[in-house]
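To keep things simple, chains are lettered A, B and C as they appear, and every chain counts its residues starting from 1.
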């Protein structure tokens, strides 16, 4: 039997991160409920199936290769080169702990896409996409921002001072950019848009289930943000309080915007308001006040509604509004950070505007890399695998 | 970066309370499933929407003002006067920890009402009610019973020796009294009661979802009762065991009562039996034996069934039986405490009957305050906001 | 008030096990969703009701007697003789902690049966079965394998060196054997099999709910395996990583097997693949590598699919494939242990083949005891209680 650990700090840190990992896993349940509840009944099971399949694929691939690319010894700040699947075992319990926690993050990034492309992307093409997100797209950008976490050289973006505490950009924007590339590549669902007419509203199959999903997302975010300290510090309470207030700000502003345009409490705006608020505070939750967290969340809810409407106008069909809720909010939260952060806590030694420059660089690099590589992936993939089901299959939900 | 905390007791206490807060949040999912599953399908989404909206409103208002009224420096034991929203930040991580935990309690109290008034109270009137619960009704009584938790003078009821460990009265009875005032003010659902006929049973839309909600409630109660130690003590295991046995006792007695009257296993009685059992042990779970917990829960299940039937006879329409499960069980658990508690653990220095006198005082004061202020709220509100949807809206679920 | 504990190891162990117990409780939600979602809509509520009722009964009976039989002072390694319900209280917080954790395990074993017999076993007969599982069947075998955990003489099987870390055999095979005895005793659902025709596929009522159940199962297993250390050790991270990779291996192989035979992603194979993978790693998750965990899970997924098909061919009707997912995977995981374990970690002093002999003995003894006693139970029970609803009740779901 292994020797009993001393009750030192590192042990408590381990338990904390594992607790958080379990909560981040709850976000998989959140995505499943949210997406299966939001789409049409006929497609609910396809959506649910994709959620579970992408989890299995993302974790496997991240275990085998992705984790190494993201957190292995850095090759000049660009890519990790150790900690491949069969090397993790022997690297000690802290590395394994980080692997569990981060594999949940990777699965989150992959799952974001499934909602946007719901109801018309075939199962094979979708799981193929999830594989590449976990294999390359997520880990490479992750390395640039977070590499060096387990020691050794930092990723190049992180070493410049880019701050993204728990992944507004690293997780949510990456997922959102791939989702955007995907919906542009495969086009809207049949019957969604016709020129000269307002978009056809597709009935959500089970809104209470979607609402339950939103609650699971909030719960999961306790772990997503809370665990990202990777240590038990005195910041944890404010991090969690900011997370809750970000969600609450997003719910309220999303609801009010919905009320304003539609004269009733729109469920999807409340749900996506919660997510938008959560994503927005994720970058900076460790260095902002409760008031700032509420404000970031509230603004994020407004941006989410405006973007949703803009996407509709542009005939870009995002079945669950993943792009407004994850991509736009991720950009917002990352760029807002320098202006709301307590610089003494941030401790980067940069002025607000210099920090903003770095944040902007990170956001742009994320867009170029994630959207670009996903776009390339879809251009290549479509030569040998259909990215879209046939019209009959779409009609009869044989996805 | 903040200095690393020493691994002292207070740090572990913080983690424990935050863990518990995440679990109490699960009760929001529990209420959502329970209420959306119990009501008619056409209203499920309205109910779900109210659950999420009241969470956002309750947390915001509790953050801005309610927490200060409840836990701020006491003005003669009657009302708190510090720790307003913008003052919480600077008050240290323990205050923030308690804020997170207690904002979940406040949201619970508010949510209890949504089930009782389901299917006929308009969204605006309901959220308006939730606002006042979080702003005044819950925090004021909470201050009387629990004020002084963060130092300073105790609330007047607490200083007399009133014991309500995790809120049988403070949370559940308060919510239940407001629910009672609400259903008396707005009346039964259309078609529910006709003179000379038995009540019309409205079909629950999704009983498995309601059942899932009951399981979430039990899970959430691990945190509700477990976290209320506010510290890691040797009492935690018995507190959790008593919580589970209270639920189990309530489920069994609720089911048996249902079997007795209806010859089959009634789902709603099992569900509400679980809640009734949980509420009953909440006041005293830290000072009773496993046998007492099971017994309190079992009796509570019986009282819940009897009250449900009595409400039907009186044509009082509580859509999810929130009043029997929360109000009656809360009274029962609070009044039973002196007779089942281990007085040495209770440590109040009072005899059983003296303690009973105080408990009774607390129960009566809670009723007068919560029912009275809610009744007044509805009398005033109805002058400018309809408390009830139009008959057409009720029919077509345009709530 | 109780004295504040010193912050020693045992306190952290207690919190860890209680955290795990809460997660194992989540498996109740998992079973409810999985079974209510897999069966036909008309039966969903019966299934849900059984899930909650068996929880209440299993916990009550385990509290009163089962825990004593399983963990009380051993009578020659065969049966425990102390720690009856009213003795647990006074035995200290560690005993209470183990009681909570283990009562969740007992409830899991009982719940496994409900899925297999769904849609035709009457409520009374089913709850009667659950009572006997918690009273005798589970605790007796549990004593043989795990007795002595709280001090004193070990159970006879455990003392021989039988290793079943978190219950591949003790929990899942026991539940699976009782399920097998039950479905053989009560026969298939009406209309499921007709000679010379392929089995009638009964439509699952709500596959997204079933999928959500699978996610809850994975989440619950964090506690099931993680908590089974019963102490905070450096093994916890690898235990959790192995749990996740076992699930992932099972999902992938289950999906691929489904794809191979049916040319589309079969939902039930993915769900049961997850469970099969989880059950398989449960026996050995503390002593194997990540690669071995993935491999055990993947093979388990294949065995699950093959067994499901074999049961269909034999006209044995297991409504949710509980037997392939729990019984077969439990046998597989227990027997595979000696060949994949790191013997230095196992520390039993046995060679691989000697260990295999003991494991095989444990598996056979479990089968003889669990299947035998359940078979006897059903032979006796059918004399005074119908084991099967009438054809009319089965048709109209009046179970």
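Everything below uses one rule, namely that a residue touches a chain if its C-beta (ideal position, glycine included) is under 8 Å from a C-beta of that chain, and two chains touch if they have at least 3 such contacts.
Model, not experiment: these values are computed from the prediction.
Peer 1: Do chain A and chain B, two copies of one chain sequence, contact each other through the same residue numbers, with over half in common, or through different ones?
Peer 2: Mostly different residues form this interface, as fewer than half of the numbers used are common to both chains.
Peer 1: Angle of the rotation mapping chain A onto its copy chain C, from a C-alpha fit, rounded to a multiple of 5 degrees, please.
Peer 2: To map chain A onto chain C, rotate by about 120 degrees.
Peer 1: Round to the nearest whole Å and give the separation of the Cα centres of chain A and chain B.
Peer 2: Measuring from centre to centre gives 34 Å for this pair.
Peer 1: Going through chain B residue by residue, note those that touch at least 2 other chains and give them in order.
Peer 2: Residues 7, 12, 19 of chain B each touch two or more of the other chains.
Peer 1: So in the complex, the part of chain A that touches chain C is made up of which residues?
Peer 2: 1-5, 7, 11-12, 14-15, 18-19, 21-22, 25-26, 28-29, 32-33, 36, 44-45, 47-49, 51-53, 55-57, 59-60, 63, 85-86, 88-89, 93-94, 96-97, 99-100, 103, 123, 206, 209
Peer 1: Along chain A, where are the residues that touch chain B in the complex?
Peer 2: Listed in rising order, the residues of chain A that touch chain B are 7-9, 12, 16, 19, 23, 207-208, 211-212, 214-216, 218-219, 222, 226, 231-238, 240-241, 244-245, 247-249, 251-252, 255, 264-265, 267, 270-271, 274, 289-291, 294, 345, 347.
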